[in-house]
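Common to both upcoming complexes is chain A, partnered first by chain B, then by chain C.
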Partner chain A sequence: MTELEKKKQKDKRKFALISVCSLCIFFTVWYIATAVMHLMPDYCLPSPVQVLEAFIYKLGNKAPDGGTLFQHIVASLKVALSGYVLGAVIGIPLGICMAWFRRIDLFVTPLFDLVRPVPTIAWIPLMILWFGIGLGAKAAIIFVSAFIPCVINSYAGIKQTKPVHLWVAQTFGASRTKMLFTVAIPTAMPLIFTGLRISLQAAWTTLCAAEMLAANKGLGYMIQLNRSLARADLIIVGMLTIGFIGTIFSAGLGKLESKMVKGGKKG
Partner chain B sequence: MKKHFVGEKAEKTVYAILAIATFFLAWAFITTFTAAGETTPGPVEVLKLLVDSFFEPIGRFTLYGHLYYSIRRVLVGYVVAAVLGIIVGIAMGTSRYAEAIIKPIFELIRPIPPIAWIPLVILWFGVGELPKYAIIFIGSFTNVTLNAYTGAQRVDPTLIGCAKMLGTSDRDIFLRVVLPSSLPQIFAGMQVALSTAWMAVLAAEMIGAQEGCGWIILRGSDTTNIPLVLVGMVVIGVVGLLLATIMRMAERRLCSWNRMDV
Partner chain C sequence: MEQNGRIDHSIISLEHVSKRFESAGRVKEVVNDVSLEVKENEFVVLFGPGQCGKTTMINLIAGLEPASGGTVTVDGKKVEGPGADRGVVYQTTALFPFCTVMGNVEFGPKSRGIDKKTRRERAQYFINLVGLEGFEKSYPNQLSGGMRQRVGIARAYCNDPKVMLMDEPFGHLDAQTRYMMEEELEKIWQKEKRTVVFVTNNIEEAIYLADRIILLTNCPTSIKEEYIVDLPRPRSYVDPEFLKLRKTILDNTEETL
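Coming up: the complex of A and B.
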């Protein structure tokens, strides 16, 4: 047994080493292709060193896009979180109501199906025309993008409650409200969290699109503006920041999920 | 419960019709009788423009032309991404070496939304068709790869063990065990990827193009022609729905032996 464990550990170390090498090779190739061989002009693909320098520069300097990296991040977060929270707060209860009350289900579901197939990005021009280009329009677009997955997933979550569980609750004299809160909602919890995670990703993607089309601050604006200035180093800094913040968000939600969801995960 | 049982389907239809009728009536009512009508067109106006746009050109093409461009872009980018994604994903799921080499780079790139690539891609490839293919490729590639990877990784080891014990060659194990059992997962990835691709093409067309469905709505908003924006949204929604339906039908055909009972 120890022999086997030893081998497993050795394997693990070996593959970790390969991963590290692979990343190193990736960056080295990138460096050689740009800084040494100049396969692409600097304004198209800067070397990793230039990207790092641009990152450090951007931490303290407002030029050329009118804000430090930190200011752009704060601007994006403000918009993303206000739309996302609103979408979750309205979307989850609506999904639960649609699944729990027959009449709401019959009446609202067709309307919802009518709106759902339109990708959120297609809402951007309409929202801009309705709300202008301030916080309102962007928050509204992100609201739409977060709202839809929240509704779908909490609806599906409640619908998958086993009738047997409900019958047991009924036999023991639980009221319908009590059944909803003690049986159906806990059953739906994992799917509700899936919805929250999907909508977070959607919200973050949509935010980039919204900021690229109409904004004067934010990460999406930053990369779009730097394109017209042909500053690829700053674009890459922006892209990596967007990706990094998205990762932090989903990690945070994962932590919250493991705290809030009762019972084991289903395979 | 019994009362509902007989006419459940009929009841559903009645309610659906009622709901949609209410929606359109409310829309028509609000736009005709309140101040909202000054900025937002009524349903009749939108429908008229929708019918017209099949015959009269918007910009350079009629609606058919725009649809043709958008769908062609999606198909080219998507097909390339699906083929490559399945290969890379399965390679990562079956070989630990491939996994160790590709995964760190993949994880570095994956969290960046496809839309955030648009500026860089435009800088690289200009404004022709190539940047649009590239953006759609990026948008669908990560989804397909990730799902093919988990699919191939989650193949029941007992099945592989059985096949090995009965003397199956490595090639046959791959073709007859690994591939079929990861197929449902791959299809799930391809479905998500298709809707991402449809979204990505809109974004790409809104940021740099002279034709396509995304361009229609942007044009509408640039000229404050809200009926045109709404026509664009309707068309986009319908096409998105059609693509999803086609995908679901293909899945039912190809994975009928492995229906997941959801």
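Coming up: the complex of A and C.
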């Protein structure tokens, strides 16, 4: 048993090494292609070293796009989180209610089906007209993008509840409300989290799109503005930051999921 | 119907019960005029071919489905819906995958709002009774098929029902585990006597466990024959009496198929 565990530990380290290798190779190839071979002009593809320099520069300087990296991050996070949290807080309960209460389902579903196929980006012009280019408009667009996957997945999750589980609860004398909370919602948990994950991705994507079109701060705005200045180094700094923050959020969500979703995905 | 005068109190009573399902304009008759009395602490096995309507009969007694005709009475009250006086043990998948063993077993008392200390003690007693001490914090996906079914039995017991309804609880288990669970169930039942209605399509299981076997016909099901099994417990699968009864019942069964 311990032998096996040791072997597992060893395997784990070995596999971690493979992942580290992939990153190393990526940066090395990038470095050789730019700093050594100069395959592309610097303003199109800077070397990793130049990007790192730009990153350090951007930590303390507002030029040329009007904000330090940190200010852009804060601006983006504010928008993304307010829209995302609002989408989840309204979307998940709505999806649950639609799946559990037939009348709500019948009432909401036609409206929802009409709204659902509209690409989130198509909401941007209307939202700008309504809320201007401040936080409100972007948060509203992100809300739409996060809200829809949350509704769909919590709906599907509740619908997965097995009749036999409801029977068991019924024979134990549980009321319908009790069954919702003790049987249906726990059953739906894995899919609710899938919804949260998809929403997060959607929110982050939409954020960048929205900031490219209408903003005066934020990571999306930063990479868009630097395109017009031909500052590829700063564009890449922005892109990597977006990727990095997205990864952190996914990891956090994964941690939360493993805490909240018990007993595996199947019984 | 055969009447047994020795035990006076009958706890489950089905009077001319029938059940039809209607779907897409077609009527399918599943249970046809079944009358049955089950006495207190009696172990009754409903034995019949697959798809004959045995599960429907369990659901009728459990109150999960209304009867189309006739009445079902449990403990003097007409069955009009599910209730805590009737515990049901289903096939393996009926455990809540998101609850631990403890969570599953205490689900019944918890639903009825019994305080934590009392229900924990009760649940622990039945977890120990089914031999799962030490597995309280495990989730169903970490248990074997036999262990899961033990949890199912403990869960039904823990709610202290008057009647236990078991719907092919060992149907998904391999032969070896199945024998073991049959022995186990008998021990548990000897220790904690309850009225049991047990559904199976396995003849050995039926004879091993039953006080009385109700042989059912094909769908729409009705009672074809009753057999009182008065072999001493625990029974042996190779006892000549056991084998004789097995042959008698099987000879009668094949005609219905």
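The rule is simple: the second predicted complex is superposed on the first by the 239 of 267 C-alpha atoms of A that agree within 3 Å, B and C clash if a C-alpha of one lies under 4 Å from a C-alpha of the other, contacts with A are read in each partner's own complex, and residues count from 1 in each chain.
Keep in mind that, in the parts below, a contact is a pair of C-beta atoms (placed from the backbone, for glycine too) under 8 Å apart; a residue touches a chain by one contact, two chains touch by 3 or more.
In this text the structure is predicted, and so the values were computed from the model without any measurement.
Of the two partner chains, chain B is the only one that A:Trp130 touches; chain C does not reach it.
Of the two partner chains, chain C is the only one touched by A:His165; chain B is not.
By the touch criterion defined above, A:Val108 reaches chain B but does not reach chain C.
When the two complexes are overlaid on their common chain A, residue A:Thr187 makes contact with chain C while staying clear of chain B. Applying the stated contact rule after C-alpha superposition, one finds that A:Ile121 touches chain B and leaves chain C untouched.
Contacts of A:Met239 after superposition: chain B is touched, whereas chain C is not reached. In the superposition on chain A, contact of A:Ala230 is made with chain B only, not with chain C.
Put simply, chain A touches chain C in their complex at residues 162, 164-165, 167-174, 178, 182-183, 186-187, 189, 261-264, 266-267. For chain A in complex with chain B, the touching residues are 11, 15-16, 18-20, 22-23, 26, 40, 43-45, 102-103, 106-111, 114, 117-126, 128-130, 201, 204-205, 208-209, 212-213, 220, 223-224, 226-227, 230, 232, 235-236, 238-240, 242-244, 246-247.
Interface residues of chain C, counted against chain A in their complex, comprise 59, 62-64, 81-84, 86-88, 90, 93-100, 107-108, 110-112, 139-141, 155, 159. Contact residues of chain B toward chain A in the complex are 4, 11-12, 15-16, 18-20, 23, 39-40, 96-97, 99-105, 108-120, 122-124, 195, 198-199, 202-203, 206-207, 214, 217-218, 220-221, 224, 226, 229-230, 232-233, 236-238, 240-241, 244.
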